[in-house]
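Structures incoming, each one as structure tokens.
The two complexes that follow have subunit A in common; it is paired with subunit B in the first and with subunit C in the second.
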Partner chain A sequence: MSAPSSRGGRVARFALNAYAGLALLYLFVPIVWIVVFSFNKPKGNYNVAWQQFTLENWKNPFSDESLTNAFVESLKIAAISTVIATVLGSMIAIALARYKFRGSGGLNFFLVLPLTTPEIVLGSSLATLFLDWNVTRGFTTVVIAHIMFQVSFVALTVRARVRGFDWTLEQAAQDLGATPVRTFWKVTFPLILPGILAAALLSFALSLDDFIITLFNAGSLVTFPLYINGSFRVKFPPEVNVLASAILFVSVALMLMGTLWGARGRRKSTA
Partner chain B sequence: MSDVVIQLDHVQKSFGDFVAVEQADFGIQQGEFFAMLGPSGCGKTTTLKMIAGFEQPTSGKVLLNGVDVSRVPPYKRNVNTVFQQYALFPHMTVVDNVRFGPKSKKVPKSEYEPNVAQMLEVVRLSEFADRKPTQLSGGQQQRVALARALVNFPSALLLDEPLAALDLKLREAMQFELKRIQREVGITFVFVTHDQGEALTMSDRIAVMSDGRVEQIGTPEEIYNSPATLFVAGFIGSANLLPGEVAGTDGDDTVVTLTAGPTVRARTDIIRRVGDPVSVMLRPERLTATAEARADGRSIEGTVSDVVFQGATARIVVHLADDSEVIASVITGTDLPFLHPGSSVHLSWDPGSAYMLAGWPRRPGATASDIDTLEELADS
Partner chain C sequence: MSSAVVRWGVRRPEMLGLGALLLAGGLLAAVGTRLLTGPLAVLALGTVFASIVALVVVATMGTPETRRKIAPYGLLKPGMLWLALFYLAPLFTLLRLSLSTLPSRFAVEANFDWNFDNYVTAFTDFGPQFQRAFMYSGIATILTIAIGYPLAYVIAFRGGKFRNLLLGLVVIPFFTSYLIRTIAWRSILSDNGIATGMIGKFRLTWMLETMGMMDNGRLINTPAAVIFGLTYNFLPFMILPIYVSLEKVDVRLVDAAKDLYSTSTSAFRKVVVPLSLPGVFAGTLLTFIPAAGDFVNALYLGSPNTTMIGNSIQDQFLVQNNVPLASAMSFVLMLIITVFVIIYSRFFGTEDLA
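And now, the complex of A and B:
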């Protein structure tokens, strides 16, 4: 791009940069805040005012037992629900992209529905259902609730990837003597795997930080977001910042790996 | 016959009300280079897919080495396909692409590895074995697709518009390359094309298809010199089709009174009675321009309307008495002095050069597209 030569152009350019800077600031200040305060040594129960720098919190992130329990529950819920939702969602996505069948339009509609319905409606109606059926709410009901909304996310994410899939590759595999099962595992699956992994990561994150739907269906179970919300009334320990920052770092690392991997693949393919 | 590899037995394929392939009934011989030629939508690709197993015939049978395979899935048929866009597996190296077939068929590694190496040798890609397909040029990808199919030693190799995705120069080189590979491995090649030049250059036999029907099956010479139908005459090469009526016979020739005036003699393979509507086909390159009429009924008179000089030859458009226009390709130098727009000329031909077909063409004379091409050249 050539630099704008007129005075008005320079002013406009400065304004645009300032605007972009402010927008980024707005996005990142809360995140930076969380990370910075994970190194704070708070006075009292609330980690809200900066006192002094310490690595103590990072050395013992699991010192608060109830927080640790909540965190582990959240990881377990996210892992189980993600595996199930990824399998189900990917199958829906492949079916939708691969075949034209009666009711595929209706299925599309039902896929988008959970994404557009307010969480409060999903959460409360599911809780009502469990109440009507006399199901004790706890770990299992939360897993079921999470799978419910994750399936939609997975199906839509994977479908976006599968939509550009060259189905003649499947014909080619069968032409070369591969059974439909072998065709799927050796050709289709490896090629759509990046899409499936992306969808799994997304739905894992969605499960980990879900609050509203979980709140309605958790019963006496306490997950990480529920713990933070509850503890806020009596205390706000810095370990919360540590675990939140850890999650942030892990997801950024995964994202970087994905980007680098993708870039490497592209470089190789154009070499 | 025992050496028939593929036999189509009254094969019919419909999609709803649309008949894609109508009563295809022919055999393909062992070791043959067989082309299915026709414009898009003529049913040639559907026919190929029925041989490969990706489509099932609505009625009739597909036999492979004498066995009915009409309902056998593609992965259990001993034929392999080279797809139009090659359909190479992008996540596998070249050599893994080639290994895919034998591995799928559970051939022992010790058995297939020499074949894989040999096929990469045949298509001259040994040094590219560890590359990914996306790192290869279009022509190289095509050769990987060939090796991947041939390594299975199929009863027949099916090629779906194999050269369509290549640029012109590469396409000509690949025509010879395909012929060489076919001679080397001795496997039956069945290829689908809409390009008559490709079909004429490469094939042992050609099936010309139109609107789902096989119009004619024959060697390139037969199809070019003795087309069975008006469609074949117009589709293969350039043809002047002059309508007329049968007037009688003279030895081996049939005598035809043309709508454009003269009575001419033509060779034919069909039996017609006096008065039947027929067309006489004259290939532009078989015509010579002369100042005088030939005495033996092998010439026609007209007025030159366009001359396009092309070096060794010139193409002339000649206006006939029935307002139709014919194209002749004449040798420059000898004929040219008296050829200019407006001059009267006799177009004559040697015995055997005029061929008679049943029916009248939709448009008498040269095909509209040939005339258009020439007029564009003349104007430029």
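And now, the complex of A and C:
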């Protein structure tokens, strides 16, 4: 865009940038709080008032046994549900992006619905299904619930990523004598893999963090968010901040690696 | 039989694929809701299985053309069947339970008897909760546009080579737990927290109280705190879709408008804003819908006077054990939101919601 020439234009430009900067800062306020308080040595059960700097919490993040168990349950659930949802969702995404077919509009609409239904409706309705079946709610029902909302998410994310994919590459491979199966694994899959991994990472984070749907379908199972909610009336230990900060740092590191990997891939393909 | 399937399938493979998909999904949902029980359920599950076998047979024995036409349905099938059983079927059991009666307060099994009392109770006893849910989420949605649009605009048009970095910064906070973020705000806004202290130091308490943002010198446990939390927690869902639509705006269009003697302001209003409306539309849905059903912010930042419908559903379902009433409230929430989405998309609708 052409540079604003008038003085008023410059002031307006600066004001807008400052406003955007403040908005970005606002997003980070609680994050800074969480990370800073992971280094706090609280008095009593609640880690909410700043007392003194310590590294103890980071040295023993697993000192609270019930918190550790809840965290491990959450990781297990997220791992299983993400693998299944990524396979199911990616298949849907490939179908929608690769082929023109009858009924794609309606099926596409159906796919968006779970994402535009409030979580409380998803959680409570699935709980009524399990009540109706006389199934005890626990680990398996939570995994089922997570896959349900992850499938739509993965499908739409991967589809957005593979939209610009050049499908004539498949044609080229087959013209050179590759079987459809071999074409998929040797040509298509490596090219859409970054998109699939990015979607899997995001849906892993969604599962790890899910509270509302999990609450309705967990029975006596305790996950990381359920532990925080359940114990908040009596305590809020600094180990919670440590684990939350650790999740944050690992996700950021994975995101950075993904970006660098993607950039390298692009350089390679244009070279 | 399989050769007949193949022959017919060769002629109309896409109809076979679509028909088998819809049939299997419908039957699975019907078994899931126990509309079909006993031998009928076995028959239905057998049909679902047979439809998968038929698909595999056609896909392996058909011509390349048949295969290509049948492939998308095969790829869609597992995921779609999952959604049919665990998304669609539960909505029917929710509806059926909402029309059921609990024989006693401690009964586990509710009897389905077309009991509309739950809906009457939902409206008469929980009217304020419904009102607050839609009012709070509505205000929060407007605030996310006010905060998110300028940020998305600056990233899209002035981000330069830092665009992706800035977008990353928008997303990063959301890799920490939703609950812990809300608890962080609770601590910051609490009576001994940083925010209350700063407001007191700058003697702004009276101003915020007249604006209705504080109550007796408190930030926490007020409606404003709940709205504040909703705004914060759903902000990225507004920023990202607006950014996506702004990113597609061709800057040359703005230059063209200016060449034709349009001022910056009118170029923005008449060129950029209309082109970014699909993003605002998608962002509004992605913010308003989850915010209306949320109960975490009201639970941690509010008081008993600021409970939203989500709090009531959770309480009735999991604490009071009145599942039929909770189901009725859940169903009403879904209906109101569906009606809102339909009306809203009539006025502002675009196809590329996803």
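The rule is simple: the second predicted complex is superposed on the first by the 251 of 271 C-alpha atoms of A that agree within 3 Å, B and C clash if a C-alpha of one lies under 4 Å from a C-alpha of the other, contacts with A are read in each partner's own complex, and residues count from 1 in each chain.
Please note the rule applied: a contact is a pair of C-beta atoms (placed from the backbone, for glycine too) under 8 Å apart; a residue touches a chain by one contact, two chains touch by 3 or more.
From a predicted model like this one, the values you see are computed outputs, not experimental measurements.
Using the contact criterion defined above for the overlaid structures, shared-chain residue A:171 touches subunit B, although it does not reach subunit C. Counting residues of subunit A touched by each partner, subunit B versus subunit C, the larger count belongs to C. By the document's definition of touching, of the two partners only subunit C reaches A:28; subunit B does not. Residue contacts after overlaying the shared chain place A:182 against subunit B, while subunit C stays out of touching range. Of the two partner chains placed by superposition, A:67 touches none, neither subunit B nor subunit C. In the overlay built on the shared chain, the residue A:16 is in contact with subunit C alone; subunit B does not reach it.
Shared contact residues of subunit A, touching subunit B in one structure and subunit C in the other: 180.
Partner subunit C is touched in their complex by these residues of subunit A: 1-2, 4, 9, 16-17, 19-20, 23-24, 26-31, 33-34, 37, 48-49, 87-89, 91-92, 94-96, 98-99, 101-104, 107-108, 110-114, 116-122, 124-129, 131-133, 144-145, 147-148, 151-152, 155-156, 159-160, 180, 205, 208-209, 211-212, 215-216, 224-225, 228-229, 232, 236, 240-241, 244-245, 247-248, 251-252, 255, 259. Chain contact summary for the complex, subunit B toward subunit A: residues 52-54, 73-76, 79-81, 83, 85, 87-91, 100-101, 104-105, 132, 134-135, 148-149, 152.
By the touch criterion given at the top, residues 166, 168-169, 171-180, 182-183, 186-187, 190-191, 268-271 of subunit A touch subunit B in their complex. Against subunit A, in their complex, subunit C makes its touches with residues 14-15, 17-18, 21-22, 32-34, 67-69, 71-73, 75-76, 78-80, 82-83, 86-87, 89-91, 93-94, 96-97, 108, 147-148, 150-151, 153-155, 157-158, 164, 166, 168-181, 183-185, 187-188, 190, 192, 232, 235-236, 251, 254-255, 258, 264, 285-286, 289-290, 292-296, 310, 313-314, 317-318, 323, 326-327, 330-331, 333-334, 337, 341, 353-354.
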